[in-house]
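Next come two complexes built around chain A: one with chain B, the other with chain C.
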Partner chain A sequence: MVSRRIGIRLARFGCANRPFYHIVVAPKSRRHQDPPFEQLGTYDVMPNEHKERLVSLNLERIRYWIGIGAHISDPVAELLGLAGFLPIHPLSYMKAWRNRRKANAQAGENQTLSSEISSTREEGLS
Partner chain B sequence: MLENFTNFRLLRQITRQIQFIRYKKRPTPARKNIWEPPAPSKYFRISPRPVIPVKEQEELKHLYDIYRTHFRALRHFFQCEYEKTTRLSIAVAEKMKEEVSEHAYLMEQNKLENERVAEIRKARRKCDMAKLDDELSQAEQSLSQLIQEERKKLDELVLKEKKMNSTYITSQTLETAIEDALDNLTTYDFAIDLNGVIYRDDKKESTYI
Partner chain C sequence: MNMAITIRNIMLICNRVIVKQQTLLGRPFMSSFKLYENRKNEETLEESETIKDIDVEKIFIQPKVQEILKRIRHINMDKVFRTVTKPLSLPRYQFLTEEELQQQLEEARQKAEIKLQMPPVLKPKPSVTEILSYDPELQGLDNFKIVFTDITYGISDRQRLIVVRDTDGTLRKAKRGERHRMNQTYFPQNGRKHKLPIMFEDEHLDNLLQREKYEFVLDRACLQFEPDDPDYIKIIEKTYQHIDTTRSFNELRSTRHFGSMAFYFVVARKMDNLLLDMIQRKLISDAADLVRLYCIVHPDSDTAQQSVSEGDDLGIVKVGINKEVYSNVRPDSDTAQQSVSEGDDLGIVKIFLQYDSRKKGNLELALQTYEDMQKQRHIVEEGVKSAHGHT
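Presenting the complex of A and B:
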């Protein structure tokens, strides 16, 4: 069994203003760009022309590393949850409901704003 | 909060006695160096803590409980899967045993095959040696024949020379040969045409003997 100090995590590659991540297995004590034990996939954060964020995963090796006892960092757990490999991570749910709440609030504001505008217009017309 | 307050007071007291170079130009985003104390204007600033509603917190806790349970189950499953493929498992041990027996069987087969091939090779070599012997004897024969022929030729040459021997001028016959030559003078001062007719110049006295 491997110590839990070894983790599956993101390592930032890419350059300034252009994040790109490798999904790697490495000890937590190591710096993120140090040579890892193994690369398990990639994650392109920036949406491409089709508005997709591309993720590649070596599921076979991920199974192996989880089986051996490696820890999984939250962002990677979220990715794996969205990929359907693990159950969906609570943080994903949290982000979703917060975004939804924000969007609803915005929509409500917009609605009130538009109703105000329309009412003022009506007043102006009358 | 009180603790923070007291700490900052202490820090202020200390920092008044030390001079720090606050660099004029810093790369953006500007950031203080790690050894610099907080700016005097920020001494008593306490950053607001994130407010998480109780309902949300409860929901998150519930979700985390479920997630952890599922994840643990999955990890256990992967662990079992991994152990299946390692040496410790029974299946792998059996497989190893099978492999060992198969290896032994294959080695035996290989040995048999080698023996068979060795026998064939032996026969072939024997045949080859016989052929080689044959060739050698033939070569010897032809060589002896060649030597005999050469000897015959040489013998013939010797015989011929011996026959010619009677006409040779020796020290004994030298006098007679000279006399004979003087008696029979031969002139080579003549012309010859294509038909082999010899023309001699009778008018001219020959200088040659």
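Presenting the complex of A and C:
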């Protein structure tokens, strides 16, 4: 078994204000400019005109590297979870839950705000 | 020494033919899916009324059907290897012996066969949404869909696994449009466009059809769409119908679309104009083949019943002694029409006229003209023979 120092993870390509990631397998000690062992896919974070983020995965090679014992970084594990390849990552659940809570809090705030406004208006009218 | 010179610069455009297997791969990849439900939302689809009750897919790939379609398509070498607009290149001249020339011609024939491979005829398949997993806990994670494409090497576009995680936590297989876009993004095909070319929109398509750019439309449609795409079938049927109204069947003769077109007319029982065109061009064996095809596609029709009872074997035996399919002559020239079994051919066409024809008058008139001309020709030939002393 190869040591856990090999990892499947995102490598940032693209340019300023336009992130684009390669999913690569590389040693953890890799310097930024070093070439990876292999590229396993891409992740385009910026949504396209159809409101989609695009991910490509070479599942055959990902399976191979997992079999070798490569470590999977959290962002990649999240993507693989969403793709149905791995079980959904706990981080995804946490993020979703936090977002929902935030949205609910926002909605509640808005509601109270609007009710306050309406009540003050009524008071003013009366 | 017997020398010959070929001055033919054979240019091959390898139009990609989309003949791919249509099986979904059963891979262990999906093993961890929670299969909550396997709901299939079939889009309502107006299935083209002609192909509703006939299993065109099976009939089209039958060897004898293919044989007939190939036979009536003709291979006119001049048209197959006609000049196409391409960047200029110098022609290549070569000195060849007779033997080498024959070899070259044989190679050209094989290339022609590849070039003229027919686009497959398939039933329109609606875009089906297959839901793999529903995880409502993921609601709120993202405001955008995520599309995952498996780019594993060596998987065909039709088999490739493409899944979408919707914003409400549903994991489903990609729809037709999404598949098309992803395939074109990661595995672009030369000439296929990301968005639907404007020429396939109704008004522009009508314009093109009015200018009789049939082959252009069909080639482009063949490249742009999958053969079971309802849009593709709609466009090619519209083109075929326009060809039927303008009767410019000869535009497609000796191209890869002729077989599919003839098959469409036979299935739709609209082959009378095509038959008339064949008879007027003295292609009686083609006309007979068309009727034989009709008998195969509609075995319950009166023509089929009648021809079986009269002992016509639907052309299965005649395939073996096929004459001049590769003849370099123009199909309407005199040599192409000499048929081994012209009597049989006329017979089966007449049976069709009697039972299933919709334009009986016109067809009978054309057939009569043809027979008269044959008689005249025979008389002239006899006269020439006797004049040359052949008694």
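Operating definition for what follows: the second predicted complex is superposed on the first by the 124 of 126 C-alpha atoms of A that agree within 3 Å, B and C clash if a C-alpha of one lies under 4 Å from a C-alpha of the other, contacts with A are read in each partner's own complex, and residues count from 1 in each chain.
To be clear about the criterion, contacts are C-beta pairs under 8 Å (C-beta built on N, C-alpha and C of every residue); 3 or more make two chains touch, one makes a residue touch a chain.
Keep in mind that what you see is a predicted model, and the values were worked out from it rather than measured.
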Q. Superposed on chain A, are chain B and chain C clashing or fitting side by side?
A. fit
Q) Per the overlay, which chain contacts more chain A residues, chain B or chain C? A) C
Q: Considering only touches as defined above, state whether A:A103 meets chain B (first), chain C (second), both or neither.
A: second
Q | Angular separation of chain B and chain C about chain A, which is computed from CA centres of the superposed model and rounded to the nearest 10 ° | A | 50
Q | Which superposed partner A:P87 touches (first chain B, second chain C, both, neither) | A | both
Q.
Let me test your reading of the model: by the given contact rule, A:E123 touches which partner, first (chain B), second (chain C), both or neither?
A. neither
Q) Does chain B (first) or chain C (second) touch A:L59, or do both, or does neither? A) second
Q) With the two structures laid over each other on chain A, which partner does A:P47 touch: chain B (first), chain C (second), both, or neither? A) second
Q) Who does A:G67 touch here: chain B (first), chain C (second), both, or neither? A) first
Q: After superposing the two complexes, find the smallest distance in angstrom between C-alpha atoms of chain B and C-alpha atoms of chain C.
A: 9
Q.
Does any part of chain A touch chain B in one structure and chain C in the other, and if so which residues?
A. 86-88, 93, 97
Q) What residues of chain A sit close enough to touch chain C in their complex? A) 41, 47, 50-61, 79, 82-88, 92-93, 95-97, 99-100, 103
**Q.** Sites on chain B touched by chain A in the complex
**A.** 56, 60, 63-64, 66-67, 70-71, 74-75, 78-83
Q.
Under the definition above, what is the set of chain A residues touching chain B in their complex?
A. 63-64, 66-69, 86-90, 93-94, 97
**Q.** chain C to chain A touching residues, read off their complex
**A.** 29-30, 32-33, 132-133, 135, 137-153, 161, 163-165, 169, 171, 178, 181-182, 185-186
